[in-house]
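What follows is a short report on a single structure.
Labels for the chains are A, B and C, by order of writing; each one numbers its residues from 1.
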């Protein structure tokens, strides 16, 4: 699904990503861990097109995507969330969800003015889908609240909801459980696992909590100082000496 | 017009613009927004100097020196009253920029109210130009170039030899870290406004000495000043200096160019001289601005 | 001039400016595009329409449409450099752009009659009415245009297109990550806004019957900004209200002149000081403006 070869990203003299190569297989949940500043979010930013790479290649579903604009990459089926949740303040929760729906008819001025019947039909369909997702995410009660008024954890859930509305093939989640309470985290993980199984989606998740990683990930990559330090199953990683030394102080 | 004259004119204008551009770029670097009122502060200072000179009969240079702290304090006052509350509210920086437009409108018209729209001139005798290296400049113009370079060097020293400069560079490099290091950023910001306004007043006075003084001068000059700052690399004071000189030279060169050469194609046609009229001078800044923004938005020197 | 004629004139000008305010609001309040050169649309719409009618002999309706089309085209052109442009850079570029448009009108006399301006601009359906009733007709024409524009813009902002614009305004990166081509959307917004403002310009030219570059100085942009900040961004009604408030203020202070011991120039200066102060005060204390943005509630 996602193949990264020798990816390089420099910030001035700093090597944020140093010849990183890894492969994320389809229909699985893969984790990405590493100490703060090891380049995890930078990797996501380069893969999703928000940062320009300085070297290397990125393949998504067999196609080369490095150098494309972020919206082009998203349209190909690769979607990401942000570490600091971006929620348009003056849009309600429902509007946020509807925003994310794929290929809407009324998204340009001409069709918005002249194909109103078709637009409202599609809007209704998207609305139903959004409501279903909001129920799963327990956000139904806030559906008409401004997204800016939600709590941190709720915003994370909304980010997830938007991504699900978009229905991509590969989902990059940047610290989805940070700031979310335990029960909600468990629910979130359940949703991710279900979606992965039911619709064969692929997840690539940045996480700090080894518990979460061991719970849902099939495979884990470890980054340190911009280099890939190790890869393997959660159990293998937890026993890898290098990783233990650099990162884990007893999971 | 020969090249040495173009160069000379370019240096004079470049010196005037650079002091204004330095202040603008400093505010953008430290506070993060484009201050559209910057040139109007400068013009206010130029008018104050005019009054000190004409009404109080003080020597012109002394008048300018007196105007500097007055406008500097006004700048600090405006920051305290308007921009600081916005910072405290963590309002979007765009809001500060739009606010600065409002301040610009108000300032410009306060000047207009106090001094009327009539054009003013400093009481400088009309001098005969001197010949230097094939170009003709008046003593005033030479003085402007020298003063400009003097203050550019002073700014460099300020940045690298004083504690203030060190802190300024630290904040510029990493705001978050700087605020975590118990640097009193509010005090720094006040000093920064003072210096930005001071440089602005000197630049504004230099322009007034060479041309005319009228309330709309602030607006007439803001586009070239912005262009200079962005051309050199916004946020970089050396960029501001370089950008100003480059823009000034470009303006002078382009206005002198005779485009009929292109059309005549060495004898194919015979068209009379085609030159861009001086009425389009601001358009030159605009075109350069757009070109830079399209191809190299970080400017010649880029960020520090 | 008897009071009733003055009132009709005032209302007509408010109507024309409300079109310009709604256009600016569409850019600033809904899409987050900080346009400091709004006067350029006004200028292009006015000149294009009047010149098409007078110099090219086009029928009035084509003149109006031509004015709108050219303004829309200009909107397209100035949004080309927004690819990686931050708000600050684009703001100064549009400020400069507005001035360049005026300079072209001023310098290219062969096209625009330069500083002398365009005179004797024909008025739509003038022959149908007497000298006394025509102003009333024009006012109704302007109000009709306002209603149509309000309806169209509301449709747009309540549609998925409008939702995308608001999202771009608040969080552009998010839109990109969801696959929205933000550049194309901004382009479309600017074309729409340009056309609306161009209509305002055309209505202005054919009402006043004489335009010159002096009508299109940057002060016009600043007045329009005051209108949307005072009236309320992100709300079409707010734009109209802002136009009412600022125009009333602008025009009424011309009459205090007799009672206040200030010359005309000083009055103008005082007026603008208040405008600038209003902008600052509103941004500091009432950033939403008088009419707030409406929340879209689904049932």
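In this text, a contact is a pair of C-beta atoms (placed from the backbone, for glycine too) under 8 Å apart; a residue touches a chain by one contact, two chains touch by 3 or more.
Bear in mind the structure is a predicted one, so any value in this text is a computation, not a measurement.
J.: Identify the chains adjacent to both chain A and chain B in the sense defined at the top.
T.: Intersection of chain A and chain B contact lists gives C.
J.: Let me check something: if the centre of a chain is the mean of its CA atoms, which chain is farthest from chain A?
T.: With centres defined by C-alpha atoms, farthest from chain A sits B.
J.: Would you mind pulling out the distance in Å between where the CA atoms of chain A average out and where those of chain B do?
T.: For chain A versus chain B, the centre distance works out to 46 Å.
J.: As a quick test, compute the distance in whole Å between the mean CA positions of chain A and chain C.
T.: 42
J.: How many Å are there between the centre of chain B and the centre of chain C, using C-alpha atoms for each centre?
T.: 30
J.: Show the residues in chain C shared as contacts by 2 or more other chains, in ascending order.
T.: Counting only residues that touch two or more other chains, chain C contributes none.
J.: For chain B, which residues are in contact with chain C within the complex?
T.: 28, 33-34, 36, 82, 85-86, 91, 94-95, 97-99, 101-110, 112-113, 116-117, 215, 219, 222-223, 226-227, 230, 277, 279-280, 282-283, 285-286, 289-290, 293-294, 297
J.: Which of the residues in chain C come into contact with chain A in the complex?
T.: 152, 155-156, 159-164, 166-167, 169-171, 173-182, 185, 188, 191-192, 234, 293, 295-298
J.: Can you list the chain A residues touching chain C in their complex?
T.: Touching chain C: residues 48-50, 69-71, 74-75, 79-82, 86-92, 94-95, 98-100, 102, 104-109, 111-113, 116, 119, 123, 127, 143-144, 146, 162, 166 of chain A.
J.: Over in the complex, which chain C residues touch chain B? Could you list them?
T.: 32, 34, 36, 81, 83-85, 87-89, 91-93, 95-97, 99-100, 103, 106-107, 218, 222, 225, 229, 265-266, 268-273, 275-280, 283-284, 287
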